[in-house]
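A, B and C are the chain letters, set down in written order, and residue numbers restart from 1 in every chain.
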Amino acid sequence: MDWLQFVLAPQVINGLSIGVAVVLMALGLTIIFGLLDVINMAHGEFYALGAFVAVALIGMGLSFWLALLVTPVLLALVGYLSERTLVQRVFHSKDRHTLTLLLTFGLGVVMEDALKIVFGANPLRLEAPIQGATEMLGLFFPHYRLFVMLFGGAVIAAVWLLVFRTPLGAMVRAAAFDRHMTASLGVPVHKVYAATFAFGVALAALAGVLLAPMYSVFPTMGRDFVFIAFSVVIIGGMGSIKGAVLAGLVLTQVQSISSLWISPVWSDPLLFGIMVLVLVWRPQGLFGRLGHA
Amino acid sequence: MSTDVLLQTRNLGVRFGALQAVDDVSFEARRGAITAVIGPNGAGKSTLFNLISGSLRPLTGQVMLDGQDITGQPPQRLLAAGLARSFQITNLFFELPVRENLRLAAQFVEPGPWWRGLRHVRTSRSAMQRVDELIAQFELAADADELAGFLSHGQQRRLEIAMALASRPRLLLLDEPTQGMSHADTEDTAQLIRSLVQDGLSILIVEHDVDLVMKLSDHVVVMHQGAKLSQGHPDVVRADPAVQAAYFGQEVQHA
Amino acid sequence: MLESALARVAPASATGSRPNDALRWIAAVFFVSALAFGLIAWAVGDVFFLRLATEALIYGGLALSVDLLLGRTGLLPLGQALFFGLGAYVSALVLKHWDASFWLALGVAIGASALAGLLGGLIAIRSKGVYFALISFGLAQVVSKVIYNTRELGASDGLIGVPAAQVGGGLTSAVPLGFFLLVLTLIFIVWALLSLLMDTPFGRQLAAVRGNEQRLAFIGVDPWRVKLAVFVLAAMIAGASGALYPMLRGFVSPELMFFQVSGNAVINVIVGGTGTLIGPLLGSSLLTGLRSVVGSWTEHHHIAIGLLFVAVVIMAPRGLVGGLAPWLQARLDRRGAKDRI
């Protein structure tokens, strides 16, 4: 019982709070892929940029809560512009899968170095806006992690509703299914793409802001985190929202709980191993559609 | 099995979800003959082809080639057994020249162990010879160095067939070879198919063009909603009321 | 209409001839210039640039391995540094603990890379396109992390104190000009063999995989085998290049396996000219030099290279040689009829 309370539970809670952030990031990735057919190799850098912008805003005097709301909006703007000016340019070529991958990869390189230039290579720390913990049902819930779980969970639920229950979501899903048809129905497909890309990176930025007080903020933080996000998206199935949510929550729990027994070094290899096994069994991921990617 | 029969399917079947795309289909294709598979849209002809040619694994049933069980074998093994196919949707190496397309396909006839693949292509005499033969036979000499993607539709369809033929198969599967062709091109293709059979090849052809099929084939198999509806000599099939109902009950097929 | 980065050097005319002659000319110019550069640097007593040029060639080898996969077979590897770093570590271990022999270190490194390539290939080859890229990325990520945390291999500091490799006849890797010429010769041999390979049935099958993998099985070739073979070959080339690194610099570190190295290799290939083989060598040389020169002014050479790369991807996806070769070929063709296979 003690073990459950003091060893396992904190891991589960930790896993959930990270899991929520991973799901947000994976959602962003999978939505961008599902609609635009674009692998955003810079997704990790948008995540990092979100954290850095929040740090900067807070440094300028804004409260954490304000920064939490403002940062995704700002990053959405950056995403929108990136899509319109860069991604669109290679969108119509024959090998656009490779080209967009390379382009976003290059964008990531530029962004990472830009962060280094502006903020320096040293890690920054951000104070958690709410300290302390509450005891409920014999378990300790750090307040900030609780917030992350609830807020993140709410955002995930909102995204789900948006995509599956609103006319806007229906339009977006239609555009994903058949671009030309949707365009001929008068939908401004280019704008939809840019907006979707913006939305996807905004989710990544939000994850960055949420996790910033929990870990330090440094220019290459995106690189490691995006590996987890990509693994989740691949396992869940590229383009599948359900897959991103399920795989994201489950895999972070697996990582979190397994850290009780194996050294953190093996955490990524474990995830990678799971990914390879899943691909062997179902090459399109758990919920992916065959013929994609 | 009589030595007359080259290909035999027994109770072949596959389903996609709830749809039984091919339902317990058994038929024979004879050596040296042109056997055609026809049927209205959605009859399962292409799926049947895919089952026979290794693109799809059947759920039930068997495929026998000259007495040998080839059920579920991958396409490259089928080629070694003497079965080659062309595609309904032109499936060439569009970025490569015609000659290279043919050379890739003809490389199969080049004898030798695997390290043969590491000598200059110039030294593959049998393959190069085959390429020249095919270029002549399919009248592609004028555009032999053109990229396959730049050919006219008719020429591409011819190249499709030529590539399937390159490995000197015993049984050639032609998937709607005259798809999208003009009337003149269709006639030419029919001539070509006849001449191939005269050379000793056996052909299994899926076609939409019922008139062409009736003129060309020795034996016709009619499919409808995944199952075999009728089979026999073209005249017999044409007169079969069940076949007429299947066709005229839906859209009338034109040449 | 933008042309794709994967378009092999498309000919100026509509015919299918590849600009082979132009590529050979460019290669001749490259190798002769490299030779001249080395001799001049030696004559003026310089060591730094000679070493830098050797390093550029070593990365050029890695770039060749990436081009073999990307430009020729249509597979984008984002983790090729795995084999590069592996070759480097194996080489360093052999030199330090077994025998400071150039040939032994190189041989063992190639063998190890072949094995690793086989294992990695079995995992990665079943996937296409993006999945392949991400699995390749993941493999490198995972292995580099493990090495980073393995104390026996020097953990984050890596292995230092690697002795100079004995080549024979008094030549060791500590001799700037001698080692440069040796590396140049090796790279030349690899380039030449790869170029010849492209005109063999196997090499042509690679182009077929890139163009229309599905059709290959129907002309009797198992695409899986072709892809595995080329993956192993690329791993061996990357490993061989990596093996030269500790001979040059005297140390190895986990950074050699990091994404930065894989990413730089891809950038070198794209900027140089995907699919041209000589382009990646050229791109590697230019960009390694650029990174060093710009790096001496500012720490932020990555952003400069990154911006250059983005510009190339958008505006000139065929890269330097990719753009130059067709033009050159057209001029060469005008001088006379050329045989085409």
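Observations, loosely collected:
In this text, a residue touches a chain if its C-beta (ideal position, glycine included) is under 8 Å from a C-beta of that chain, and two chains touch if they have at least 3 such contacts.
Small disclaimer: the values here were computed from a predicted structure and weren't measured.
Of all chains in the assembly, none touches chain A and also chain C.
Located most centrally within the structure is C, per distance between chain CA means and the overall CA mean. Centroid analysis (C-alpha atoms only) places B farthest from chain A.
Here the chain pair with the top count of touching C-beta pairs is A-C. Between chain A and chain C the centroid-to-centroid distance comes to 33 Å (mean Cα coordinates, whole Å). Averaged C-alpha coordinates put the centre of chain B at 42 Å from the centre of chain C. Look at where the CA atoms of chain A average out and do the same for chain B: the two points lie 48 Å apart. Touching of two or more other chains is recorded for residues 7 of chain C.
Under the contact definition stated at the top, not a single residue of chain B touches 2 or more other chains. Multi-chain contact residues of chain A, defined as those touching 2 or more other chains: none present.
Across the interface of their complex, chain C is touched by residues 39, 86, 89-90, 92-99, 101-103, 105-107, 109-110, 112-114, 116-117, 223, 227, 230-231, 234, 238, 263, 265-266, 268-269, 272, 275-276, 279-280, 283, 293 of chain A.
Touching chain A in their complex are the following residues of chain C: 1-7, 76, 78, 123, 126-131, 133-135, 137-139, 141-142, 145-146, 149, 259, 263, 266-267, 270, 299-300, 302-303, 305-307, 309-310, 313-314, 317. On the side of chain C, the complex with chain B involves touching residues 7-8, 14-17, 196-197, 199-202, 204-205, 207-208, 211-212, 214-222, 340-341.
The part of chain B that touches chain C in the complex is made up of residues 53-54, 74-76, 79-80, 84-85, 91-100, 103-105, 107-108, 110, 116-122, 124, 145-147, 150, 163-164, 166-167.
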